[in-house]
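Letters are used for the chains, namely A, B, C and D, taken in the order the chains are written, and counting of residues starts over at 1 for each.
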Amino acid sequence: MNTYGKQFRITTFGESHGAGIGVVIDGCPAGLHLDLDFIQHELDRRKPGQSKITTQRKEKDEFQILSGIFEGKTTGTPLTLMIWNEDAKSKDYAHIAEQFRPSHADYTYQQKYGVRDYRGGGRSSARETAARVASGAIAKLLLQPLGVQIYAYVSQVGKLKLEKAYQELDLSLTEDNIVRCPDQAVAQQMIALIDETRKKGDSIGGIVTGVIKGVPVGWGEPVFDKLHAELGKAMLSINAVKGFEYGSGFEGVQLYGSQHNDAFYTEEGKIKTRTNHSGGIQGGISNGADIYFNVAFKPVATLMRDQESINTKGEAVTVSGKGRHDPCVVPRAVPIVESMSALVLADFYLRNKASRMND
Amino acid sequence: MNTYGKQFRITTFGESHGAGIGVVIDGCPAGLHLDLDFIQHELDRRKPGQSKITTQRKEKDEFQILSGIFEGKTTGTPLTLMIWNEDAKSKDYAHIAEQFRPSHADYTYQQKYGVRDYRGGGRSSARETAARVASGAIAKLLLQPLGVQIYAYVSQVGKLKLEKAYQELDLSLTEDNIVRCPDQAVAQQMIALIDETRKKGDSIGGIVTGVIKGVPVGWGEPVFDKLHAELGKAMLSINAVKGFEYGSGFEGVQLYGSQHNDAFYTEEGKIKTRTNHSGGIQGGISNGADIYFNVAFKPVATLMRDQESINTKGEAVTVSGKGRHDPCVVPRAVPIVESMSALVLADFYLRNKASRMND
Amino acid sequence: MNTYGKQFRITTFGESHGAGIGVVIDGCPAGLHLDLDFIQHELDRRKPGQSKITTQRKEKDEFQILSGIFEGKTTGTPLTLMIWNEDAKSKDYAHIAEQFRPSHADYTYQQKYGVRDYRGGGRSSARETAARVASGAIAKLLLQPLGVQIYAYVSQVGKLKLEKAYQELDLSLTEDNIVRCPDQAVAQQMIALIDETRKKGDSIGGIVTGVIKGVPVGWGEPVFDKLHAELGKAMLSINAVKGFEYGSGFEGVQLYGSQHNDAFYTEEGKIKTRTNHSGGIQGGISNGADIYFNVAFKPVATLMRDQESINTKGEAVTVSGKGRHDPCVVPRAVPIVESMSALVLADFYLRNKASRMND
Amino acid sequence: MNTYGKQFRITTFGESHGAGIGVVIDGCPAGLHLDLDFIQHELDRRKPGQSKITTQRKEKDEFQILSGIFEGKTTGTPLTLMIWNEDAKSKDYAHIAEQFRPSHADYTYQQKYGVRDYRGGGRSSARETAARVASGAIAKLLLQPLGVQIYAYVSQVGKLKLEKAYQELDLSLTEDNIVRCPDQAVAQQMIALIDETRKKGDSIGGIVTGVIKGVPVGWGEPVFDKLHAELGKAMLSINAVKGFEYGSGFEGVQLYGSQHNDAFYTEEGKIKTRTNHSGGIQGGISNGADIYFNVAFKPVATLMRDQESINTKGEAVTVSGKGRHDPCVVPRAVPIVESMSALVLADFYLRNKASRMND
């Protein structure tokens, strides 16, 4: 279904070229002051057309609140945000109607549902992530007073990899460049690579790294709803994501347990670990250390090039590249990764309230 | 919560050293013949003590059906399976009661719940996966007549990596050796490495690769419950898992879209793709091609060595390695990865029944 | 939460005097032709101001579809309907802000949430039922081709009780009068009673009877989600409802089993029962006979009279009756009862698809 | 599905003549001391054979805890209770296998699932309520320290009606007689009526009244999950229940709003209402006043008499009354009504923890 979360629960709706994209948030506690400028600021970080290295679709991504707010605060009832589409009407989609674009969802939607809204990808368009960012902004507002800080940045574009670990970076510099990499030198290389890719009408993949500080001990659930399992699901549900790893990740499989185990010690009355291969999560539950993870994004499927494919009758056709395309999705994915992190954490924060007797 | 799935829904319960481990399956269609030997066979593939390279805990892992079966068939009512613990009574756990073992869930459970069953890890023990394998076996029985084939095998142990892709391997040979790697030569190296690690009282990580063939087009849901997002969550919920990637995965980020896109073509009236970087899933929905993925397992935390840690008062202590340990978890993880795959697919199979009008 | 249903799932949002009332429908099968006139027709049956015996609030209750439709059909993605508020702006609610009106939700919302949207009752207003009727209309469109027919009518107003059972009535005549009672003579008495009540600035209760024909055998679930348990919950969730009974209901407790049991027999190859005290449901599952039930509505709390109450400081105040009021809620409740019935049945229809193997 | 509750969630399993009846409780907070004697005491109040006016089936209904407890306390992990069947083996059910008993679930289960466990009704047997009482006992233990008091008693058997309201009764006397009516004189009449009914091999219906005191203001949710809607669903999910009403109920429809509205006033700093037609719930949320309701039970379908019916081929047969039967279900329903009340309230107690910011 189109719902994420158990206690802080979002349901998104809308299509790329319908009326707009929206989200209902159910379970947001009453009394939260909604900073509307902050929500818009977050949407602006995701919106198309913000720099030369992203898609040039024209959308202001302004939101309207349809329900759940009164005198600037949440009321405990469903909070609905709508982002109306502007750049939706004039297109001629006849050519897409009859074709299955390579590595898009055209074919699978058609087979599953027997009908599909082919205009700009319809429901499968990454435009749906605007709803995630809007609701993620509200989740951030909920988490902020608790001291939770959520960061994300681009750590790889194509083969260009930022070799420094997050601890060696100043994450406050991420927004200083259009590719959202906190190392300014590497950022310039990434920008050049994306720009060059764009000029070729091609696209390229990348990695977004997420870092969450200040999560108290105890969030997450044993067994299926482990904190990292939900983070993983949330990230994998973002368009174009192909992989997720946290803590020591795929590299960690090469280690011995004697290298990998994080030794506990006490410093100034606080329990800490000497290393953090666990990535801040043990047994599915936060242990108070930093949570960090990587999210792999494939190159987006829309190209400004001709590609071989088939039409809905199964006949060979050439899909021509026209319109606008996003040469690399990761810069705009940064606020999406942050938002999904915030949504996962807000949910566990509320779920944790019921975990023991003397609370 | 301790439940996975929406239509084919399992709820597991039990602790490492309580009465046993169990699972309630709700939503299994009526009329499924339960092949009890097959279920036991699957449990035997996961059980401890089956070879020299796994833990030597003594458990027969025999199951009892407590409900939901009549004259050998499911009745549409909840199916409950219980695997009683045998090796549970005689241990002295006083030493663990007072300590937080490194990279275990001791500390996080204690902080979250204020109380914990410290005997053998209690609920956080990987013994819980027996319930997953038992219910996964039933999911396999449900999927079998539909032509769905689920494979998993060990593709990496430590730095020892099987370089061949799954297409180059004969997956029917996986069970021919105790490490469950279908390449017999690499398997012997892996076994030697694990055995050596075991002798040092250490542990080592590894990767399990999953391959699913024969999934019809149309399983999976758009947006949050994408097929790969649920697969990812399911895998990440297995103890010791640190990462998940499918299709082109983390490597795929290095590609250009013009390399990565899977071109559609028609062959003998069937729609296919020339490559399969998509990993059998587009827009979150199966496209009929093979689904393949990797799951990264860290080295298990229990070592037969002394380790520095703290006790529940925060004082420095030495955690001594005694008892039995699992030098490498991946061989026994193979049936678990298969089981979680089956549980995810069984759920989507049933969910898909309601997707369109003329069904 | 603000969601009803598992497979055909609605989430409603909005307040009496906010932007409007809306609903997201998730799980509606793809390919359903949406008859927009029918949806509007249903909304018109519920809307305020349609006759002299209902509230005179001015709302056209026109809807807008925000998502999920393409070329007139559902696409399998979330369907969102919005009913914008018109009569919302000009009111002065300062007097309500400080008061707790008797038998309204003012006090409980304030205590639960610490904040409340007091304008017209906010979220607790029966205006929310517009969203139920809009989505119920779509559920009716889904059920229609299956032969399911849903009826509701007013069977009691105050002490005025329609003595005939539903079998003795021509249910096609229900809409022939403004009170929606299929017996035209009794209807006139009811209308007179309500009109008289209205003139006194008072309100009065009533009963709506529901009748559902053509439900196939097998809908509903054992144990908690019994068909009648969900019907009961759905009805009890409508504002002002105080009771629900089905089949023999409260009267049935006086019978002996030998009188109450419905004997099976076969007629022209069809299995039937000689009586239908079961109300078409046995063991929580439909048996193919008519489903019938009664829903009790209390007199609505808003009166055009002075009433004693307290303000938010706990001080005694007089709540004065001003504005508009609904002297009897049951005529407008008829389409709401039908809608909730349709929503319950649509959900069970889809859930039932997964109940057995050879489907 | 076989699950009730969102935060305090029970899943029941088992059949009348299988291994036993069980329940998994997920979401019970950690640190709750489990009074095992109290749980057994509650089960004893429901068990068959406890008096001459209930069924004489022989079951001790002793329970075993399979998971979730450590050193006498809950651990936050799933709590599983099993009540093994004893009186299950020796029966010959061949006659039932081929017949559809009148007003039982035989026919509907057969049609829905294509297979059914006919032994003693299988899953549709009221024996399932043992699992509700066991888990309800734990919910009571959770609620007790909060001051919540739950009462239920028999207020009607056949036409014999206890005319006094609950306020006029001493509810502590309910257990002083075998019919569980707190008015001893009426109780004797009820017992005589049931005994007489039993001798005729017949059964008779009745009403159980529930009263809940001490619920804090604020439990329950707006819209669909209203406190009384969940109570209604919970009660209607009990075998043989045909109706539910709360507060003024069906009688309340006859009143005018000016009679029905509950005027607020302040007494010694506490907000109260002069009347309580609302039944302690306004807008779906508890207001601190007593919650009271009635639950209608039909006469149970099993009779010690011959009845006309059909067999599975649709042919006319005589269902003969043999074995044991329950002449009136309401005495044993009293602890079940209490248990379902406790389960509903425990769930809302936990859900309410997440309702506002400054908690």
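Convention: a residue touches a chain if its C-beta (ideal position, glycine included) is under 8 Å from a C-beta of that chain, and two chains touch if they have at least 3 such contacts.
Everything quoted here is computed from the prediction, not taken from an experiment.
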item	value
Pair joined by the larger number of C-beta contacts - B-C, B-D	B-D
Reference subunit B; chain at largest CA-centroid distance	C
Computed distance of Cα centres, subunit D from subunit C, in Å	26
For subunit B paired with subunit C, centre-to-centre distance based on mean C-alpha positions, whole Å	46
Separation of mean Cα positions, subunit D and subunit B [Å, integer]	39
Interface hub residues of subunit B, defined as touching at least two other chains	1-3, 6, 12, 27, 30-31, 76-77, 109, 112-114, 123, 222, 355-358
Parts of subunit D lying in touch with subunit B, wherever the complex brings them together	1-3, 9, 11-15, 18-20, 22, 24, 26-27, 30-31, 64-71, 73-80, 82, 109, 112-117, 122-123
For the subunit A and subunit D complex, residues of the former touching the latter	6-7, 27, 29-32, 76-77, 222, 350-351, 353-359
Subunit A-facing residues of subunit B, complex	1-4, 6, 12, 100, 102-105, 107-109, 111-114, 123-124, 128, 156, 158-159, 197, 202-207, 217-218, 220-226, 228-230, 232-234, 236-237, 242-250, 252-266, 269, 271, 273, 277-279, 281-287, 294, 296-303, 305, 307-310, 314-316, 352, 355-358
